[in-house]
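One chain, chain A, links the two complexes that follow: it is found with chain B in the first and with chain C in the second.
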Partner chain A sequence: MTTATDVKAAETGTHKRRLMSNNDSMIFAGLVLFGILGPILFPNYTFQIAVLWLMVLFALTWDIMGGQMGYNSLGNIFFFGAGMYICAIVQVGLFTDVGAYTSVSGQGNFKFTPDQYYIGVAVGLVAAAIGSSLLAVALGWIVFGLRGPYFAIGTLGMALAAGELIGAWGWVGGGSGIPMPVYPGSGDGKSYFFYVLCFAAAIATFLFLKWLYSTQFGLAINAIRDDEGKAEAMGVHTLRHKTVAWAVSAFFLGIAGGLFGNMTGFIEPLEVAFPTITFGIFMVAMALLGGKGTIWGPVLGAILFHIVKEVTWTYFLGWQWVALGVIIIINIIYFQQGIVGWLQEKYPGWFGIEVDERARAEAPAKGAAQ
Partner chain B sequence: MRHFTKWSLAAAATVAMMGTSQIAYAAADCKELILGSAISFTGKYSTNGIHAKRGYDIAVKKINETGGVKIGANCYKFSIKYYDDESTPARTAQLLERLIKQDSVKYFLGPYSSATTKAAAPVIEKYKIPMVEAEGASRSLFNKGYRYLFAVLSTSEQYLASSIALAAEIAKKNGKKPGDVKVAMAFEQDPFSLDVRAGVVDDIKKYGLKIVIDDKLPRDLSDMSATLTKVKALKPDLLLISGHSKGAVTAARQIKELNIKTPMIAITHCESGKIVSKFGASTNGFLCPTQWAETLSYKGEAFGSAADYDKLFKATYDGYKTVPYQAAQASAAVLVWKDAFERAGSLDTEKVRDAIAATNMKTFYGGIKFAPAGNNIAKPMVLRQIQNGEYKVVAPAKWASSKIEHPRMVK
Partner chain C sequence: MLDNLNLLVFAPYLGVQLLLDGIFIGAIFALAAYGLALVWGVMNVKNLSQGEFVIMGGYFAWYMSTYGIHPMYALPVAIIGMFGFGWVVYKTIISRVVEKDMFTSLLATFGLAIVIQQGLNLAFGPEVQVAESGFPTHTVPIWGGEITIAEIRFYSFLICCVLAGGVVTFMKKSRMGQAIRATAQDVRAAKVMGIDTEKVFAFTYALNAAICGAAGVLISMIWVIQPFYGITHSIRSFVIVTAAGFGNLAGVLMASFGLGVAEQYGGFIFGAELQQATVVGMLLLVLIWRQIQMNRLRQAVQ
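Coming up: the complex of A and B.
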């Protein structure tokens, strides 16, 4: 915690940093190359790589609040579920009656034409992104009065409540959920279609955040993390910054929800749309594993986490949760600053951080404390 | 810490080796034919996930021991590739993708629960790969026009509906008006229980009973005392509960603890929740719908009669006083696969799919014949009552072996 804070504070003060260093560009190019070649080289893993991109998106969007702004939200999964439901309702509602489509005993076999399908997905995703952002603005107004652990618990409650409320809402199928419209093309076609969308969403999130953190807005939310009272005293409009930060996170999570709902083919409130104990916790664990408060940390964390999860699921069936637990425990006890946080401290040059040795020498006590 | 990791790795390796040796055994003389299933070994459906897995396994073992599957001139032995879906539909879809794309599995057995089956159906439709499922009963599975989904069980609206007819009948006999019969109900929020509820509500309307409590069970199904407190206050004549095995266990436990005296109580999944051995005499008089009972006069190839299956299952697996129907229907699904493969005489998924659609067989589990929508229409649900710790069929009249005890004996 202190480490990441100090490094960041140092960057903005005695350290200088470019928007995208050579190392960054190279890693980024590698990632994009993997994104393009992945499904071509490993066509059978398309679905899992698509989920991998969503995981990257989860970790990155969690880090806006948790890493950069110091607000640990346990309820970001709310926007994932909200986006999923908004997208589904739009996809269905544009062409037929939602209540009839979702009813338990009714005739749910409405057939979507290809045009209706693609228009539905496109409009649905846009609506999911915007709708989730608006929800973030509205809810932010309520929960940003909370700080520290109270904020974490408050947001968690919000996500749990959302699952229960949707489960009681008959018009959207309640606990029975909504079967998503069927993709009009072949099985592999669907995999690739959503793969491309997931990949694009993750890359767009990364680039947008990379840019956002380089602006004054990035500095402002860092200031909120370091000392909210002081930031406010210095004229930062904290509520507005916090709200915008959350709305950004919700925007991309809403898209992710819309995509995941369509990929899964069936959505229901408790396990698919608002899975607080799986995706909701994974996004925190991934950001912490990679290193919160850095741009690459969440990306690396998400990739490692997803690979470990899939491998244990395949080869150590029944032990997957033990393996995940072990990772989280090691992470929390030995690597609090995460992998990238640790590397950044050890090899600052790799990250384009020019360490001012004189400044470091003048403050040895601080270094030792770390 | 390190010691623990080492130990867990060793254990995992052992498990993995056991898996391989099983497959090696199956391939000894006949070729191997792999069925795939993502099913719940962990999470809230794990109790029944494991019952279903045992049902699949015992049928595979039986078929392999009695000559395997004859397809044309070749002989095959079944084996099943499992993954754990953790009781969440989101995982089901991912695991089915993996089974199809990475493990090249082309024939599927279902997961446990309607919710996970609803997530499985779009994936198998997408890849045009047939699935015979035994544990997804919601009608919402069969009104989507799915071509590759077949279910051996009766649909869920039938589970508790017969208890409404019974309650109305008893009221009439006692000279009460149907409108005076008060019904309390609590259901899990999932596709299965909501469809059970829809069936019940239809019948309540038909008979003109009165609903006084209509509650939702919490998502983890671990507490329903709020509903039961209301039951104590409002004293309904009939209490209906559906929440899979975990819901049944919670209900039975708290009905005992809170000393609920409702004269008629109907709960789904009594057998698989093993409520009789857990809560003893307090469960006497509970009505439990079942897809199958060992006392029914069903008979078929492979397992013989329903009673034979019951005996074999109890001899194979420890700890079963009553064999849950979840296991029986899982075994029936494997029998459907064998029958369909042999009639199709081919491994082609389309040909096998058509053979499944044309299934018309008698088994220990009852008749199996699929409607065009894929659900089984050749077998009824029956209602059993727990009488002195034994499950006795009380409805419908055709299968009834005992008379219903009403009001139930409350100690």
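Coming up: the complex of A and C.
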């Protein structure tokens, strides 16, 4: 598996624009292998593994803003919920009247045919992605004048407000939510169908971000993180970059929202669509745990976090939230750079980082890594 | 929504009722917000567990009332208990994040907030609780209708005034208060002058927790408490401090009364289920307004 990627990397020019180093492509191949074999080896956990991929996606999209750009948002979950609702409205609205459907909470005699279902999901996911990005652009006007803690609190407020407002909006079912169209087929079929979509979405996010961070755009948002004033003085159009970065994260989160809504089969504003206190904070915790500002950190953090969470959920029922809070506190106080951040400091060679020219010259001629 | 507006126009005494309720509640918001302004101004910590401290104080009163003790007596207990709790939190968590960037303190206190609310939930259950004070409620005829004033609201307003007055006098007159104000102006200079800033920080944070605890006792008597209601109180404090700025007591008071009244009117006009949305909406409005303000100076809100 690795050889194919290696050869490809070698052909496209080893040093200049190689998307992945050898280590990276090996880990990546392992991840893809797990993604393919996971549901075959553990068929009972297909839903859990699908959620794991969504978690990876969450952490990666949070890291665009929080890690690479230095804008710590606590309200990115807004786009998850927005995508979920847009997807649901499109899926229902393409074939029947949304108000009538939600007013009887799906108990009416309207049934979706398989064709209608698949078309609905496809169009709904596209609409969710685009709609969320547009919302990000619109809201960027409001929130990007805020810095630091104000940005975090402003975005948190945005997500909380969205949940409350949707809960009062009768046309989309208000607080009682929308039951999603029923998957035409067996339960196993449904979980595999959405597993594949979640897996694809997470991998696509990873590859896209990997590419994005290797472009000038990645450098520009890193410059914004390091010093926004100087970046602007150097000619980086900061507002435009920030808005695009946010729209990218909203794009993938919108898709994740649409998928998750269909997977659970029932959406509702406070617990499912805008779970600020759960998923909204998980994505921050995962990115911090793995190491923000790195590409592998969020992935590793999400996998570790999800496993720890599932274990504590099973064995310490009732205490899992306390455990979560304690993890966040310990993480933020003692371990802020995260796992990958720590590794990067300790073994920079693994990441293809050249530390210091002089130090390298003085070191015995061993041939530094890369 | 329009019906409710109509009702307000044709029955103005309802407006008076809302106004009074707003002011009574706003006085309590002012306490928690002043605590936040203190912590924010002195040690630059954005305490997102502010609301949880308030709710914790409320549980002191409720818990004592289940043993037949009048919740008023919980006031000194909550103040002392929360002061100790605040000191412990400072020593274990906050002292390690004071020097770091602001998001660190925000997230650490958010983690603390989760621990507190879930701990309360495990200890006391998720039910909505009220500490019954047993004071009578009076009705006052006004403008062709009558408004109700619970005596406890009036007392809690008085207690708020006394507590606020006490804190302000403490800050002005006492040695520690002067040290706190000096540290707020310039940490390094205060250190050079021989002030033990670490102690000042710990004291400030503990004082904040104590003030919140007192506010919580009052909240539990005139309103309701529940383990998860803390986040709304935190957001209220942030709205008030963001609007008023810190070190500006008059501004904090005005903003608190304004928020209290706006929230009551919002809850009445849009329906009670949108009361929380009104608070959050106010936060967004204040932030937008501050941005427009700063935009004129070509600066960002930071």
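One rule holds for everything that comes next: the second predicted complex is superposed on the first by the 332 of 370 C-alpha atoms of A that agree within 3 Å, B and C clash if a C-alpha of one lies under 4 Å from a C-alpha of the other, contacts with A are read in each partner's own complex, and residues count from 1 in each chain.
Going forward, a contact is a pair of C-beta atoms (placed from the backbone, for glycine too) under 8 Å apart; a residue touches a chain by one contact, two chains touch by 3 or more.
Note that the structure is predicted; figures quoted are calculated from it, not measured.
S.K.: For chain A, which side has the bigger count of touched residues, chain B or chain C?
M.R.: B
S.K.: Now for A:I328: first (chain B), second (chain C), both, or neither, which partner does it touch?
M.R.: The answer is second: A:I328 touches chain C but not chain B.
S.K.: Kindly classify A:N72 by the partners it touches after superposition: chain B alone (first), chain C alone (second), both, or neither?
M.R.: A:N72: touches chain C, not chain B.
S.K.: Could you tell me if A:I153 is touching chain B, chain C, both of them or neither one (first, second, both, neither)?
M.R.: The answer is second: A:I153 touches chain C but not chain B.
S.K.: Return first, second, both or neither, reflecting whether A:I281 touches chain B, chain C, both chains, or no partner chain.
M.R.: In the superposed model, A:I281 contacts chain C only, not chain B.
S.K.: Examine A:S132 and indicate which partner it touches, taking first as chain B and second as chain C; both and neither are also allowed.
M.R.: neither
S.K.: According to the stated criteria, A:W319 is in contact with first (chain B), second (chain C), both, or neither; which is it?
M.R.: A:W319 contacts both chain B and chain C.
S.K.: Pick one for A:G167: touches chain B only (first), chain C only (second), both, or neither.
M.R.: Both partners, chain B and chain C.
S.K.: By the touch definition at the top of the document, which applies to A:T243: first (chain B), second (chain C), both, or neither?
M.R.: neither
S.K.: Tell me which partner A:V272 touches in the superposition: chain B (first), chain C (second), both or neither.
M.R.: In the superposition, A:V272 contacts chain B only.
S.K.: Residues on chain A in contact with chain B in one complex and with chain C in the other?
M.R.: Residues 164, 167-168, 175, 318-319, 321-322, 326, 329 of chain A touch both chain B and chain C.
S.K.: Which residues of chain C touch chain A once you look at their complex with the stated criterion?
M.R.: 46, 93, 96-97, 100-104, 106-108, 110-115, 118-119, 121-122, 231, 235, 238, 242, 270-271, 273-274, 276-277, 280-281, 283-284, 287-288, 290-291, 294-295, 300-302
S.K.: Under the touch definition given earlier, write down the residues of chain A that touch chain C in their complex.
M.R.: Residue positions touching the partner: 72, 74, 142-143, 145-150, 152-154, 157-158, 160-161, 164-165, 167-168, 175, 277, 281, 284, 288, 318-319, 321-322, 324-329, 332-334, 336.
S.K.: Could you list, by residue number, the parts of chain B that touch chain A in their complex?
M.R.: Its residues touching chain A are 1, 5, 8, 11-12, 15-16, 41-42, 82-84, 86-90, 93-94, 97-98, 101-102, 115, 118-119, 121-123, 125-128, 138-140, 143-145, 157, 188-191, 193-195, 198, 202, 216, 219.
S.K.: Okay, in this complex, where on chain A does chain B touch?
M.R.: Touch list, chain A to chain B: 43-48, 51, 104-109, 111, 163-164, 167-168, 174-177, 179-180, 182-183, 186-187, 190-191, 260, 263-266, 268-272, 275, 278, 313-322, 326, 329.
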